[in-house]
Amino acid sequence: MDLFDLAAANLVSPPILFFLLGLIAALVRSDLAIPEAVAKAISIYLVMAIGFKGGVEMAASPLVAAALAIAAGILLSAAMPFISFGALRATSRLPRVDAASIAAHYGSISIVTFIAASDAGAAMGLAAAGFMVAVAAAMEAPAIFSGLALAGRREGEGGGTMIREIAFNGSIVLLVGAFAIGWATGERGMAMVEPFFGDIFRGVLCLFLLDMGLVAGRGLRRSAGKLDWRVLVHGLHMPLIGAALGLGLAIPIGLDPGSAALLMTLAASASYIAVPAAMRLALPEADPSVSLTLSLGITFPFNLVLGIPLYFAAAQWALG
Amino acid sequence: MDLFDLAAANLVSPPILFFLLGLIAALVRSDLAIPEAVAKAISIYLVMAIGFKGGVEMAASPLVAAALAIAAGILLSAAMPFISFGALRATSRLPRVDAASIAAHYGSISIVTFIAASDAGAAMGLAAAGFMVAVAAAMEAPAIFSGLALAGRREGEGGGTMIREIAFNGSIVLLVGAFAIGWATGERGMAMVEPFFGDIFRGVLCLFLLDMGLVAGRGLRRSAGKLDWRVLVHGLHMPLIGAALGLGLAIPIGLDPGSAALLMTLAASASYIAVPAAMRLALPEADPSVSLTLSLGITFPFNLVLGIPLYFAAAQWALG
Amino acid sequence: MDLFDLAAANLVSPPILFFLLGLIAALVRSDLAIPEAVAKAISIYLVMAIGFKGGVEMAASPLVAAALAIAAGILLSAAMPFISFGALRATSRLPRVDAASIAAHYGSISIVTFIAASDAGAAMGLAAAGFMVAVAAAMEAPAIFSGLALAGRREGEGGGTMIREIAFNGSIVLLVGAFAIGWATGERGMAMVEPFFGDIFRGVLCLFLLDMGLVAGRGLRRSAGKLDWRVLVHGLHMPLIGAALGLGLAIPIGLDPGSAALLMTLAASASYIAVPAAMRLALPEADPSVSLTLSLGITFPFNLVLGIPLYFAAAQWALG
Amino acid sequence: MQTTLKKRLEIVIEAPVIDRLRRVLDDKGVSGYTIIPAVAGRGRHGRWNREGEISDTSRMLVLFAIIDPSELDDMLAAVYAVLSRQIGIVSVSDVQVVRDEHFRRTGKPA
Amino acid sequence: MQTTLKKRLEIVIEAPVIDRLRRVLDDKGVSGYTIIPAVAGRGRHGRWNREGEISDTSRMLVLFAIIDPSELDDMLAAVYAVLSRQIGIVSVSDVQVVRDEHFRRTGKPA
Amino acid sequence: MQTTLKKRLEIVIEAPVIDRLRRVLDDKGVSGYTIIPAVAGRGRHGRWNREGEISDTSRMLVLFAIIDPSELDDMLAAVYAVLSRQIGIVSVSDVQVVRDEHFRRTGKPA
């Protein structure tokens, strides 16, 4: 498949179309809405399922390859905030603390984007190595510390508590825990829960992306015209930079194309859950609405609709 | 199968029995309850699934037949409020505005009843044409305008906003959107999401009808004895009148028996989501408790338990 | 399989591991949490599914065996509070009313434990008779009356209302209702809803046990060190006493090993839903935090992780 | 605008007895009340948190009712008669309303 | 601490018209408001309970806004103009705030 | 009935810092508090709406605590020390309670 076919196939797949439906519904001010409690529960289900499946597939993965990929992920997460911060300070007038906060979002990852990319890869026949789930988990936190350093913040008294709060963040604990359970129970465990964690996964993802479309569209509608265009453009630059760096590291460590595309996606994505909450605790002066709009309103739709097929095409071209 | 067998098979199917369980639990004041957030999410799932499946089946439908059926639906939706209003004013002492509001409910449709009827049809081997989903969507709104006309209301300043609020009502947007996605992705799309939108559908419907039984029973318990019996009887007349008109239009436009039964069901059903909300905005003087009790407490149970098998039997007798 | 293998297989099954993950996440103060509305809805789903399946299997059960098992269950439920109360009064300084309340919890049953045990039995190939669901339902209430008698409470004016509130408690109504629906619709009904009530059941159970682990862990963390160890130990004694009594009754009435293990589990388990609510109404002076901690924080994890495999091993050794 | 003084009764109460409380208020002919959910809290009986909970026992609800000052003592006595041994608290504050007639005691409602 | 007197406007309103109410408050430049869900209640229009409900019609929301006393009459008039025929109630109470400037009328917000 | 004057502290606060706020109240020995969810709102930081949200960042909670007037200043100072840079508001009103002893400061609770 060439890039165009890939993009076209991705675009007319139910998950992406339901995302677009949500986006449009929000933009025309429909009152369509999925209750918060259910949206949260679905995100928990998806993280559990993706973690568990990754763990089950670990049987087939050499541990050295996993360790290399995790190291690459940590490096990306720690380094990318410096690039994002530099770019923001050079092109916009955002205060230091806001730029540092946004930078932390871009170094870290969006687990929702990762899940959508894994599913897209599976649909294309480009399944990734199980350890990519561990890479995703490992990339959540390093960026936060880079962001704090960029803001000129020392960890001070609250430091210990904060490290703990970040490391034990619900989505990290669940991702790592489900991964470990999948690894421990292997194919026998998978056979027990496949109908729930496997068969209905893509359908549930459709419902979830409908919801994310609604939330992203509502956010866009609310902040349209308020954000500086130089900041908005950052939300389109960073995924491309991240994906390029991801590919640049995937090649030397020898990832297969599906895994490389996921590493690119992780680098290209911006956090929407863990980092925003950490920033409210550690950098309360940073305005959360700017980073949330960028992350969910600009970068997430870009990655979902255009980025993911692009990253898979690039990975296959470079490594296939 | 004759009418009696059909009715019996419908009555002892799990969805109907769970509805009756809910009804009884509410009437004996059990504290059994499904949380609001989950009930709403389930209704969203059901609308998504029915819309998507309808869209997928559009490949097999001639567009002319679809257009005719949609036109028939719009006609029914716009005309039935006049019948309902006339009957209410002749037999009861309801104020004009209340009669107009109830009339709008009966012209419009109950998507839950439609879903239950589609499922019952599928279980009987009388699947309907995919475009019946589009007919359902097209029938939601016209009755609202007839109702406002009957109340002597001009659209005034709020008119534009209101038309928009009605057209972009969440359940209409979702039904139409999922239908379009199903149509666009076809069998390939269905293959991706069948376990979620297809396989577990009827089980989820059981859970949902349990909930609807609980809510309907609670409503009945609360308003029992408060409603004028002439108004209550309206809730049993209108489905029969609607179904007869539906059949009368289904025959000339050449619908198959399964689709004809669904058109009858749509005409026979009364809105419980879109119209009540629209009436609170457009006719706030109308007492919502009367129309809600009629729609959910009388007409919905009647259609679910007795009406649907009757409509299928009649459609098969007339068209089979 | 010998006891050790059974315990090992149970321990590394996904449901138990997700429970342990929840427990650990709560103990390290992770913010992982499943919304209340969804947790409640999942418990409703599980009760519906287990009830329905039990009913479907009634076709294969002789009614006399069912009646005997139900009678045994009622006897256990009514009698065990006297044992629990005696032990608590002898070993701890708990006030009479608190001891009576705890005793009622231990006479009654935990439907969640029952569900987990049924699933574990199915996974081991030791499926139980369908009527065990009816036994579970029958065991919910008798212990409450024994508990009130122990507290020296006469039913007084509120008696009629209370009996009604207990008998029509949501989980009893749903369990009995779903059982009746399964019985009435049989294999034909099961075929209609198997993907939802059967195939995904164990996966949903994983999600639910994750939640129960989180709640149990949070409870433990909160009350650790506050409870008298003599009271805590009661939470480990009672399951063993209950299981022994259950086995003692299972043998003379001729239960198969799988059903016997479930009767043991029911006797060994302590109520977490029906009895606590009843006690708040009937014995408001009793401190709910003691009984909830015992029931959910001590007895439930013990039964889930160690008790269930032990009961199955014992039942197979005695009856296999 | 012309406003009238009323009392706002606010009751935090454990969920299992909410129906009893409603019955008391209905019997006293209170003109209305609204119940809102609580998600977490602390009191003499300890901390609680509803996340992931399936049991109603530690669930708290907040009920408020705007009533006429003349009804306050009677209402408080009735509420305490039923709830004195239950988990919860009661407080009263002054509020102004525009439509006086809306908050007058009614006959026992349906 | 130095505190300033403000008014706390509390509105119980049926969900279908919440957007209209928000528009009124926004147009009047109110500095902020918070909306909390209600789960059950009773009023002249009868009892309601949200358990298991999928329709928004009988759903009630509680909106409160802390505003400057000088804005009260204007605000009440605007609220009543929109809501007089809808289901709901309005009440006002006194509150003290520490940061006065936080609760001053702003221009029409986004 | 004999009632006593208390203060009702009402804090609207962004969810990520609720644990810090609880710790402050616990450390100060406040006798209790109740937290209720908010579903939507507006303030200087803009509008928000929880529908469909999975991130806690823009989520607001409403905490209220009934405390003795003598503790008010101390409590406000402690609350502001922690929350001054966070998103949220604080207000105080008068309430009457029947059981005075219920609302007295306790030692640091569990």
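By written order: A, B, C, D, E and F. Residues from 1 in each chain.
Keep this in mind: a residue touches a chain if its C-beta (ideal position, glycine included) is under 8 Å from a C-beta of that chain, and two chains touch if they have at least 3 such contacts.
Since we're looking at a predicted model, the values are computed, not measured.
*Asks:* Could you tell me which chains are in contact with subunit C and with subunit F alike?
*Replies:* Correct list: A, D.
*Asks:* Which chain has its C-alpha centre farthest away from the C-alpha centre of subunit F?
*Replies:* Most remote chain from subunit F, centroid-wise, comes out as B.
*Asks:* Centre-to-centre on C-alpha atoms, which chain is most distant from subunit E?
*Replies:* C
*Asks:* Counting only Cα atoms for the centres, state how far subunit D is from subunit F in Å.
*Replies:* Subunit D and subunit F have C-alpha centres separated by 20 Å.
*Asks:* Where the CA atoms of subunit B average out and where those of subunit E average out, how many Å apart are those spots?
*Replies:* 34
*Asks:* I'd like to verify one number: the distance from the centre of subunit B to the centre of subunit C, where each centre is the average of its C-alpha atoms, in whole angstrom.
*Replies:* 40
*Asks:* Residues of subunit E that contact two or more other chains, please.
*Replies:* 36-37, 39, 46-47, 93-94, 110
*Asks:* Going by the contact rule already set, what residues in subunit B reach two or more other chains?
*Replies:* 33-38, 40, 195, 199-200, 222
*Asks:* What does subunit D use to touch subunit F in their complex?
*Replies:* 10, 12, 36-44, 46-47, 60, 62, 73, 76-77, 80, 89-94
*Asks:* Within their complex, state which residues of subunit C touch subunit B.
*Replies:* That would be residues 35-38, 40-41, 44-45, 48, 52, 164-165, 168-171, 173-174, 177-178, 180-181, 184-185, 189, 192-197, 199-200 of subunit C.
*Asks:* Can you tell me which positions in subunit C touch subunit A when the two form their complex?
*Replies:* 12-14, 17-18, 21, 24-25, 28-38, 123, 195, 199-200, 202-204, 206-207, 210
*Asks:* Name, in rising order, each residue of subunit E that touches subunit B in their complex.
*Replies:* 14, 16-17, 20, 39, 45-47, 49-58, 85-87
*Asks:* Quick one: which bits of subunit B touch subunit E in the complex? Just the residue numbers, please.
*Replies:* Checking each residue of subunit B against subunit E gives 33-36, 39-40, 43, 211-212, 214-215, 218, 222-223, 272-273, 276-277, 280-281, 284-285, 287-289, 292.
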